[in-house]
Amino acid sequence: MLSRILLALSLVLLVTSLALIFFVVPTERTMGVVQRIFYWHVPLAWNSFLAFFVVFIASVAYLWKRTKNWDILASASAEVGVVFTTLFLISGSIWAKPIWGVWWTWEPRLTTALVLWLIYIAYLLVRAYASSSERGARFAAVVGIVGFLDVPIVFLSITLWRTQHPSAVIFTGGLADPRMILTLVVSIFTFTALYALLLVQRVAFKKGEEDLRRLKRLAESE
Amino acid sequence: MISRDDVGDKAIEVRKLTRTFDDFPALRGIDLEVARGESLVIFGPNGAGKTTLIRVLSTIIRPSSGTVLIDGLNIKEHAEKARRLIGVVSHHPFLYANLSAYENLEFYGRLYDVPDLKTRIGEVTTLVGMTARLHDRVSTFSRGMQQRFAIARALLHRPQIMLLDEPETGLDQQAVALLWEVLRGEAAARRTVVMTTHNLERGLDLASRLLIMSRGKIVFEGGGKSLDLAGLKQAYQDVTAEAGCPQ
Amino acid sequence: MTFWRKVFAITWKDVLSEFRAREIITSVLVFTILVIIIFNFAFGERVEMVAVAPGMLWVTFTFAGVLSLNRSFILEKEDGCFEGLLVSPASRDVIYTGKMLASLVFLLVIEAIALPVFAFLFNLTVLTPEITAITLLATIGFVACGTLFSALATNTKARELVLPILFLPVVVPVIIGAVNASELALSGKSWGDMTGWLGILAAFDVVFLTVAYLVFDYVIEE
Amino acid sequence: MENLGYLFAVYTIVWAVMFGYVLILIRGQNKLRQEIQQLKDSIKEKSP
């Protein structure tokens, strides 16, 4: 039921967001039409961060309560977060090409996202490398906590590093037109709904796998 | 917390203990009381949960559910106090190969806050008959010698309770004999001993009480004196036969 | 007081063991010198040494750190010694602090030998109070988070692989901070110019010492 | 206006990845449901 509502909501928002981006919002003067990437680029970043925050909270809760559901929530959110971060990196890189003539720029936010991406890939890998799933859950929770607390320090260090070695900066800020703000806000809601939808789906999937495992055990011991 | 008086003479009290590894139930509801000064020997086929039980009692593995009291101390809340009362001997000697036996014992002595450490190291080394090799590196020792020092290490802090997980693994006959001699001395000293072993004969000889475990449960319990070797062998065979073919 | 007595017992045991076998320090030192030589072949005379020296220095020390941290817990796992620690009344905090200090000693010894080699081979003045302070702060950060991850990695199926995968993205701030501060120090800048970087290094140290101390228990329990 | 390609590239990729991810999730769930059903049936058969 919840996933039906979320599916409908995200579809409606998605269409609205696309309509706003392609038909309503005015073209930004300095960057031209590619600036419209911004309206999805930013929500992706925002929701990656939200996803990793959820991983952090669920990891703390898992270590505290030791209930499987917290672990399922954490790992599902990490996976969706990695998908969002990947898309954020791709969109940032495609945006950099026409504006700066390069596919990659060591812009602080982009660089921080790259480091984050690597941390959460490691998060997903630790689970696979652990010798038992309970251990994997515990180790992943530790990485989820440590990794998230690392984010502000990573961002600070990269920002400070860039101010000393200046280079291309994607976010020149300045949303002059109210229609731009509206589009951004709608897009942020769109991706938040998408995040919620994917999370709910992924959690249900993982719970199903868990049930299947339990059933199989039951069938074996019959 | 339960006060010491309520506990009376129970060294170990285990209630409804379970432990699962992922989905595998290694321990499925263990209830066990061990009186102070008792020598409890646990038998059972491989995979019966003996090692898991010893590891839970020695606070290495946490229980999935149930309670474990060591001398009235719940190991959940008072793990450190409980650890002080326990001496553990397992398949591994827990000795650092690059250090001499003396340095190893000194190290563990510091962790346990053993008073008058030097004298105590001398005492336990004499007990296991290894005084001559005390200052040699552990890496130069045979398996049997390492295990002798492992026993010395476990006795170092005068534990009230000795937990031994198949301590005779890899030992030569002489070392096994010595180990048993030491343990008998320990039992006589009103020290509680809990041990797992495959050796029915020697186990029976030492035990004041014995258990057989199978598939995570205690399936047989008998007094050491009322049971002879033939009876134990029969009971053990019954259990393994049952465990061997489920249904 | 008993806390520190037990901590030093663990640290001393590691130092003594290392002094006997000289396994970690010798091999990591050889590795360090090899890396320096390879850097020399890679960059040769084409670049000015002052420009690449800080990067070279910290790439070398980072990988040296990974090697030495990995070894520290693997040695503990051999002969089941780690279980000996677990059944002893040394609390988990004691074990973490003791192992961390031992790794700190090893890395500092390695750096104390490698830095003069650097000075000698590349004609750099690296033996200054500034470089010493930076090295100390960065190395504390390395071992604070490295000890946690190394303990985690030894309980996985691919120990040698898991540590670098986890460790490298998380210590990005330390590497950025150390490289940039060293660069400033080598070009003769004053302490004042480095405060930002030293601040980031210190912040990382504080955050990671605290967090690792808090979650270490979950990495080693079963 | 030649930059339009980049714009479309971004929107297409984001769309495709999202769509693909949802598709994988739905497929996986369907397979899972089938497997669970099969298992339940086989258990029922064994003990009627």
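Just so it is clear, A, B, C and D label the chains in written order, and each chain counts residues from 1 on its own.
One rule holds in what follows: contacts are C-beta pairs under 8 Å (C-beta built on N, C-alpha and C of every residue); 3 or more make two chains touch, one makes a residue touch a chain.
A quick note: this is a predicted structure, and the numbers were derived from the prediction, not measured.
Taking the mean of C-alpha positions as each chain's centre, the chain lying farthest from the centre of chain A is B. Between A-B and A-C, more C-beta contact pairs join the chains of A-C. Chain B and chain D, compared by their mean Cα positions, are separated by 52 Å.
In this assembly, the C-alpha centroid of chain A lies 31 Å from the C-alpha centroid of chain C.
If each chain is reduced to the centroid of its CA atoms, chain A and chain D end up 19 Å from each other.
Counting partners per residue, chain B has no residue that reaches two or more other chains.
Residue positions 221-222 of chain C are each in touch with at least two other chains. Chain pairs recorded as touching, per the definition above, are A-B, A-C, A-D, B-C.
Contact residues of chain A toward chain C in the complex are 63, 115, 118-119, 122, 125-126, 129-131, 135, 138-139, 141-143, 145-147, 149-150, 153-154, 156-158, 160-161, 164. Residue ranges on chain C touching chain B, taken from their complex, read 2, 5-6, 9-10, 12-13, 16-18, 20-21, 78-81, 83-91, 221-222. Interface residues of chain B, counted against chain A in their complex, comprise 21-23.
For chain A in complex with chain B, the touching residues are 132-134, 213-214, 217. Those residues of chain A lying in contact with chain D across their complex are 18, 32-34, 36-37, 40-41, 44, 83, 86-87, 90-91, 94-95, 97-98, 194, 197-198, 201-202, 204-205, 208-209, 211-212, 215-216, 218-219, 222.
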